[in-house]
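You will see two complexes here that share chain A, one where it goes with chain B and one where it goes with chain C.
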Partner chain A sequence: MTRPSLLGAAWLVLKKDWQIEWRTRARLTALLFFSLATLLLFSFAMGPDVTTLRAHAPGYLWLGLLFASVLSLGESFRVEAENQALTGLVLTPVEPRAIFLGKVLGNASLLFGLSLVLLPVTVALYDVDLGRAPLKLLLVLFLGCLGISAPGTVYSAISANARARDVMLPLLLFPVLVPLLLAAVSATKFTLAPDPQEQLGSWLRLLTAFDLIYLSVGFLLFPKVVEED
Partner chain B sequence: MTPTLPLVVLALVVAGIVAHVTSPAARRWVSPAVGALGVLMLAALWYLGLFWAPPEQYMSDVGRILYVHVPHVWMALLAFTLNVGCAVAYLTKKSWVTDALAEAAAEVGVYFGAVGVLMGSIWARPTWGVWWDWDPRLISTTVMLLAYVGYLALRSFTDDPERRATWSAAAAILSYVSLPIVWFSVRWWNSLHQVQSNPSTVDKPMVAVLRWGAVTMLCFLFVFIVKRYELARSRQTAALELPPLEAPRPEAA
Partner chain C sequence: MALALEALDVSKRFGARWALARLSFSLPEGRSLLLTGHNGSGKTTLLRLIATASFPTAGVLKVLGYDSRAQRDALRPLVALVSHASFHYEDLTAAQNLSLTARLLGVAKPSTVVDELLGRLGLRERADSPVRQFSAGMRKRLAIARLLLRAPKVALLDEPFGELDPAGIAQMEALIAELQAQGASVVLATHLVEQGQRLTHERLHLEGGRKAAAA
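And then the complex of A and B:
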């Protein structure tokens, strides 16, 4: 058997994660109902005023995704902790960086799928107009989910083995994600509402820059984080 | 006092720090000497900041908090830069020295940053009319503090010393990388920020007192980090049974 290339190995890790996900479907279902409940809670907390809800919908959507991501990221390394599966994965003759890429893509695709399900819910709850720039909206969602997953994968690998891991992950992850949240919420706002000053482009650039920076930093750091002594 | 006088003292303090780092023989007296200098400079700073410096043009006496607020934030930034330097050094070549120094720098940095943000908030109330504002520097300093509180929590929640060192180094780098991005994103979010002052827009005596304050705080930063570093080293020694850093001093026994 030949040794797979970096991308080939990443693809194998990604396929493995999808397979685990598909066989149980537990994580996806739990995430879905958790974020539905979060979005509903936001609308209860803000009251029935449709104008306020519509104006703040991008913020609620991204906070819902952010809270869901903590659960999803934590779970992505918890499954590897069973039977020391992560050790087995690190011992396979592939680069640890391939595991990072595969895990990031796995987490990002799960979040992206979740966001696609949440979009119709925002229409129902907050009365937003998705038809204004649908392709750009999808791009924003994808870049945002990738941006949450890139630092999130490194942090969840770290916190999966620490004590109080459920508190650790958001404590480490949320400060780093502040710029992503600002950029994603602003960009989403300008795909749902008129953008007279054409600010969407600069927020998309910030999102892309965030993704590239954290993908490369994570790519460099991840082997150190998972290496066994 | 001219604006150059604090720079002369700064050179002295930096020479002391260099001596402390390079020569083990100097270690015994440098940090007490710098600490004593810091206390003397702090006493002078009270007089200089409260009475000697002219009142600020628009904010009058309220603006005097500048002389302690700004140095605190500068020192926090300096400490976090030292922390990330140690993190990179640790990941390049494992060493308990850089791990202990990273821990010391992060904890002292969180102290200086927290005091700095608190004073900034107190200052914002009478000048901007609010305790909190979407100012890029305020937000990025607060986010930085939160990130480093997470870093310290990670350190205290990881039991294995080697994993703690590696993981916290990774977390330190991820947090530090976020600083410029936070700064830019908040600036874009709210483009009505005020322009940062520089020495050419500020009155000369005020520059002198600000620099004096910065050198004072640098003395304390150095002494705090040295003390915290020694503590971290002795904890490591206790945990790992490493040989002690230096032979116990006769007078300490």
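And then the complex of A and C:
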């Protein structure tokens, strides 16, 4: 028997998460309607002024993704807590860091997929122009989703067995995400509107740095989180 | 003689409660152990410590010569646990669950092996049903299939006969004999003492987390 490498095991964990997602589709539907409702409500609250709508679109897009991420991250470890499946993975044995990588990529891909669905809705509701820097916009969305998922996976694992896990996850996660959200909203703004002072590059660097820091921290801490004392 | 299990003053505390208190025993390799005791006596805790699902609060536990905490990575591939929790994903099918474990274990031709195992355990017709739809007995059979994917040197069975029908019980007894024939040490926790004694060589009776003389 040749065991898969760390990346091979992470890929199997990721594929398993996709299989569960596809089989149930409940989480996908909930995430979609939740974030659509968020975008719709904010656009109605802002009124019909197109200039104001365009100016606030990046913030509301990321708010929709942030709220959806709480649902998505919580559910991601609920399936691991059922039947102690996570313990089963650890005892198989799967290197906890492979589980971390697989779960982060699973959560990030789900959020990124959701953001792609939300883009045309944002165009319809906020009249933004996606054609200005589409590839850079996709990069910002990807880095932002990865940045939510990296600490989110660690905190979701920590709070999975807590009695008040639905309250605990946002309490732990949201303060950590403040710099990421500031960078993501600003970077998104400069992909949708003119960027005369070329600020996009610095926000992208901040997003990348945030991702790298929290991927590294999660990679180091996750074994402590999933191993019982 | 090499030891499968060696516990030296092993204790385990949950909050203020000691689930195991200064437990010492040993089991030679290839021998099987019956673990008895009332509910809450520490049987499941001991099995979880041996499986490295958790670790002693105090004392030293060696499994196959490996320290259960410090050498857990080397130990885990050699130990398999069938417990009250099935470790399965409810929303995946039986075949997908086993296939995931087989691929993580690096089993050659996982699809073929999984199909054979499902056939052997009488689950082939339900291979594509999600585990959520399984009865307790079927879940137990699937847990046994999961154990059979590996060749454990130490097999830990926590109430393995519960929820099984007569055919399943006979199959479980045959499985225990098969594991023993392969040289594995089986640790069997059950309330069915006579049946357990017939299947094992030695007995450890626990009361309040301590080793006690069997009634």
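By definition in this document, the second predicted complex is superposed on the first by the 229 of 229 C-alpha atoms of A that agree within 3 Å, B and C clash if a C-alpha of one lies under 4 Å from a C-alpha of the other, contacts with A are read in each partner's own complex, and residues count from 1 in each chain.
The rule we apply is simple: contacts are C-beta pairs under 8 Å (C-beta built on N, C-alpha and C of every residue); 3 or more make two chains touch, one makes a residue touch a chain.
In this text, all values refer to a predicted model and were calculated from it rather than measured experimentally.
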Which of chain B and chain C A:V225 touches, first, second, both or neither: first
Contacts of A:L118 with chain B and chain C, given as first, second, both or neither: neither
Chain B versus chain C as contact partner of A:Y155, first or second or both or neither: first
Residues of chain A touched, compared between chain B and chain C (which is higher): B
Partner chain in contact with A:L39 - chain B first, chain C second, else both or neither: neither
First (chain B), second (chain C), both or neither touched by A:S186: first
Which superposed partner A:A9 touches (first chain B, second chain C, both, neither): second
First, second, both or neither for A:P175, with chain B first and chain C second: first
Shared chain A contacts, counted only where both chain B and chain C touch the same residue: 229
Touch list for chain C against partner chain A, complex: 51-55, 73, 76-77, 79, 81, 85-92, 96, 100-101, 103-108, 130
For the chain B and chain A complex, residues of the former touching the latter: 91, 139, 143-144, 146-147, 149-151, 153-154, 157-159, 162-163, 166-167, 169-171, 173-175, 177-178, 181-182, 184-186, 188-189
List of chain A residues in touch with chain C within their complex: 1-4, 9, 12, 16, 19-20, 23-24, 79, 82-85, 87-94, 228-229
Residues of chain A touching chain B in the complex: 151, 154-155, 158-159, 161-164, 167-168, 171-172, 174-176, 178-179, 182-183, 186, 202-203, 206, 209-210, 213-214, 217-218, 221, 224-225, 227, 229
